[in-house]
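Labels run A, B, C, D, E and F following the written order; every chain starts at residue 1.
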């Protein structure tokens, strides 16, 4: 745990968080925030694609199926909790549920570097699961919102664009394709940027994410105690399910830690954009604060080692 | 050919093109576009300058002279084609001709990485030819436009600045000078950025160039069939001339492939800025679409291997 | 001296300066300027922090004390010179004095790369001195201005934020802490960005600093001859004091060259922001032009080798 | 010089494409967009985080189209989005452009 | 639609936080900020150097608050900072917001 | 407070330096520029590609200078460049500045 907190990636995040809480005027220019996030998504995709080139596609089918199931079920679990226990209205409940079903690519990158630091092996194709998990939950969140509320006519064309051609999905898929088509050798000349600088770019990005999270934390008062608890407990619940699904799908320990972390992570790029268009009556402060102000820091600082520990217990029992 | 298409640099371009055609909201922030283009120009210059330090200047004189000739003659060939066959008005014809005489530094960078991948040697000082070729064609385009149309009074001071102190020329020359003055050893500490990351930065930049090209492609309807054909055939004609000139100037095969590609490439930074000021009555949609929407992708995807093949034939005959 | 001028870092600065003087439209987008300066500050801090982890803290106390003294005394020397000899009004004199007491982190980075190129050793913890020297001079400048002029009520909360939580101090301290907490081994994965690319990023940044300095140089007419002389002689005076203080505090030759350069350097980020808020009646053209247009280029091009030479004489006499 | 209306809309940047389409569909012949940050009823909106920028859309058009646009914005977006709209008179040359 | 005032302030970006606080304290319910460059009495202010950008602050408010804001700006900042302020009438829907 | 005119020009960013010079030469004492994107007669102009940004230039000046500027812009640039110009009245303090 302490070891995790001393990783530069996490320390940068902590420094950003602190700067935000102290109201330092530090901030990364928006253009830089955007380009690093483009870079990270592209690099995650490339790395996954190069690995994919070495993988038998048939082996992926079961994990992919399981992951889709996961993406559909988490919102269905989260929605009644938010609606019944949390007393949120239908739109807010559906929108928050969609966020927790979907994923955070940055959290994915952090769990990868975490496992690599500890030399825990994981399946090369997990990036495919990241891509697969991002979409169904958003679709499910919109579906729930549509069934429960019926006010706006959605511009489905626009929505489709936001989700499927939104930059995060597009870049991951583009990276996968480029990595896969180019293969390990032809990718070499671009490796110094996309692979060697990856971890440092992630650290730099987390400085800014800390600042963003800090601004959200200052909104905590406005979201109520229930949502704070939800932001910590829901990821743990999702991680348990993710670990089990991973185990049943035959993933290695490392692979199921990745899947657990993906389940536990909440989206803060694709989902907010989609929800603002599809469910505009939902209050963005609620889902952004929960996802960015609570769940994101929790996963980085404490969640990932916890899910690793959970997985280790299950696999030592099972194995 | 297929091999060329699987190079990551080209794959990134294809992914950007695709994103643009699918109307994905992916885009690089403008500040990033600008800084990568500054970086590439500087790095091209630096590399050339370091090489130049090893070269006997006397050897360059003939190729430089031939290149100036090339820059003056291509617009003179292109203008009547556009005016007579294409039925464009005088201003448009002159402006487009200037673009095809001038060069694209990115295309230059791609042909360099292409030759390096195939281990084809070329003269170290070709960057000097890039610089030399950029200006005469623009001057010639302005001259033609001035002789044929006589409406505006040009602010020559401003124009001079745009062309000679515009950032692309300035950065190439500055890079050449720094590289040449510092030399191979003192340049070492900055090599990890300017040399080792060059190809990946080029790839990243081409992602954005793909997006830009795609927006231009959606303007194709507005420019007519003639210009589309011109955007493909003119580069081939120019490449033939470039190859011959290179051969006659005594360049190696690699060197004349570079010169052919330079001839074939059309400017989309220096020339548009200069034409908008010097020949404002020319329609920018025409020259930008031809240069960025047709010729640029054509050269990257098919032109370069074609010019290599042409050169190989000539040199095997001549040699 | 000539050797120093041929270092790429200095050559880039010269190219920026030249571009500015020729009024080229070259400029780095503001977002890039900001992110490189964030990067440099962070990297300087990280490097210092990693070194600090290896240092006995007790050894630092004397140099730190001496440095605080230095920061308090330089403005007290500069103020009467500006007020009496220069005939500047009280606000302007206090504001300029604060700039010359404070430091320029970029000049610090340049002296580091200078010493490393010449293989001159210096104390690992000098980054701590950089941080320590930045603040007292600004406080002293405000104090002088407050005692002499009494017009505005200062918003001390805002001022405190600008100075202590302003991004330059915060990033240096954050970098120091991260580097120190992570230590040499855990920092490895982020080294390719923060350490290997440092010098090239510095060079790139100096291109822009040259442009900025050039714009300031075009303001030279408006500041008068006295300030031009002050901008060259004051750094030399400060460097002499800095060298002596360093010698008395027991620093090595390299260490006291660093301290001399820090003394000689004038702030152009933290101090201007603080002065604009605390002493708004002072004319920014004066302090910005002196600091950026005169002292900064002087130190880079001639000052650093001069202070090295001064130190070498003192240490050869003393040693 | 002829009198036209200048309608200014300040709202969430996520609506950029929608509003651009809207104003053209409602009869305007053009629009100008600048990036903005700000604060209002719905809290601080600053440009440091993609989801929460503002845009400032200006449309020069004649009186009836101005009214249509204002009406449409109020009905479509006021309830769920951060938005203000204001309008005033301007004079233009080449009035046929607008 | 009701008449309000639109106050526009162009000044140094270093004052951003102060002026945002000021206008809210003086009674406005919101403001919109865009980045700007420009030239005036105090010389060229362009956005290529952090210390020397401009901002353009717009405030929609009623007449008396507009006057208070203009008065306050003139007294507090005119002497020491680059600043211009101008004001004109606009029409708004939902006047209770402002 | 005194009445002045505010002239707003939206045009291609490549004209920035020229127009800045123009307005000062024609008698204005300052100007403010913001970056913009937009759409009009000459198609979409968005800020994602250097050659095709817009700028939005504002000039506060008195009546006759406003007319000179508008006239000059119309004659010099309307035919070949994407541009709109509009003008309206504003009130300023310190009218001697403008």
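Just so we're on the same page, a residue touches a chain if its C-beta (ideal position, glycine included) is under 8 Å from a C-beta of that chain, and two chains touch if they have at least 3 such contacts.
All values derive from a computational prediction rather than experimental measurement.
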item: Steps needed, at minimum, to go from chain B to chain D via contacts; value: 2
item: Between chain E and its twin chain F, rotation from the CA superposition, multiple of 5 degrees; value: 120
item: Shared interface numbering between chain C and chain B [over half = same, under half = different]; value: different
item: Chain located farthest away, centre of chain C as origin (C-alpha); value: D
item: Pair with more cross-chain C-beta pairs in contact, given A-B and A-D; value: A-B
item: Whole-Å gap separating chain C and chain E, where each centre is the average of the chain's CA atoms; value: 35
item: Chain centre separation (chain A, chain E; CA means) in Å; value: 40
item: Sites on chain B at which at least two other chains make contact; value: 28-32, 34, 192
item: In chain E, residues with contacts to at least two other chains; value: 34-35, 88
item: Pairs of chains, among all present, that meet the touch criterion; value: A-B, A-C, A-D, B-C, B-F, C-E, D-E, D-F, E-F
item: Residue numbers on chain E that touch chain D, as the complex places them; value: 1, 4, 6, 20, 24, 29-35, 60, 88-94, 97-98
item: Chain A-touching residues of chain B, taken from the complex the two chains share; value: 6-9, 11-12, 15, 18-19, 22-26, 28-32, 113, 117, 192, 196-197, 199-201, 203-204, 207
item: Contact set on chain F toward chain D in their complex; value: 8, 10, 34-41, 54, 56, 70, 74, 78, 84-88
item: Residues of chain E that touch chain C when the two form their complex; value: 12, 14, 17-18, 43, 47-51, 53, 79-81
item: List of chain C residues in touch with chain E within their complex; value: 27-28, 30, 33-34, 152, 155, 158, 211-212, 215, 269, 272-273, 276-277, 280-281, 284-285, 288
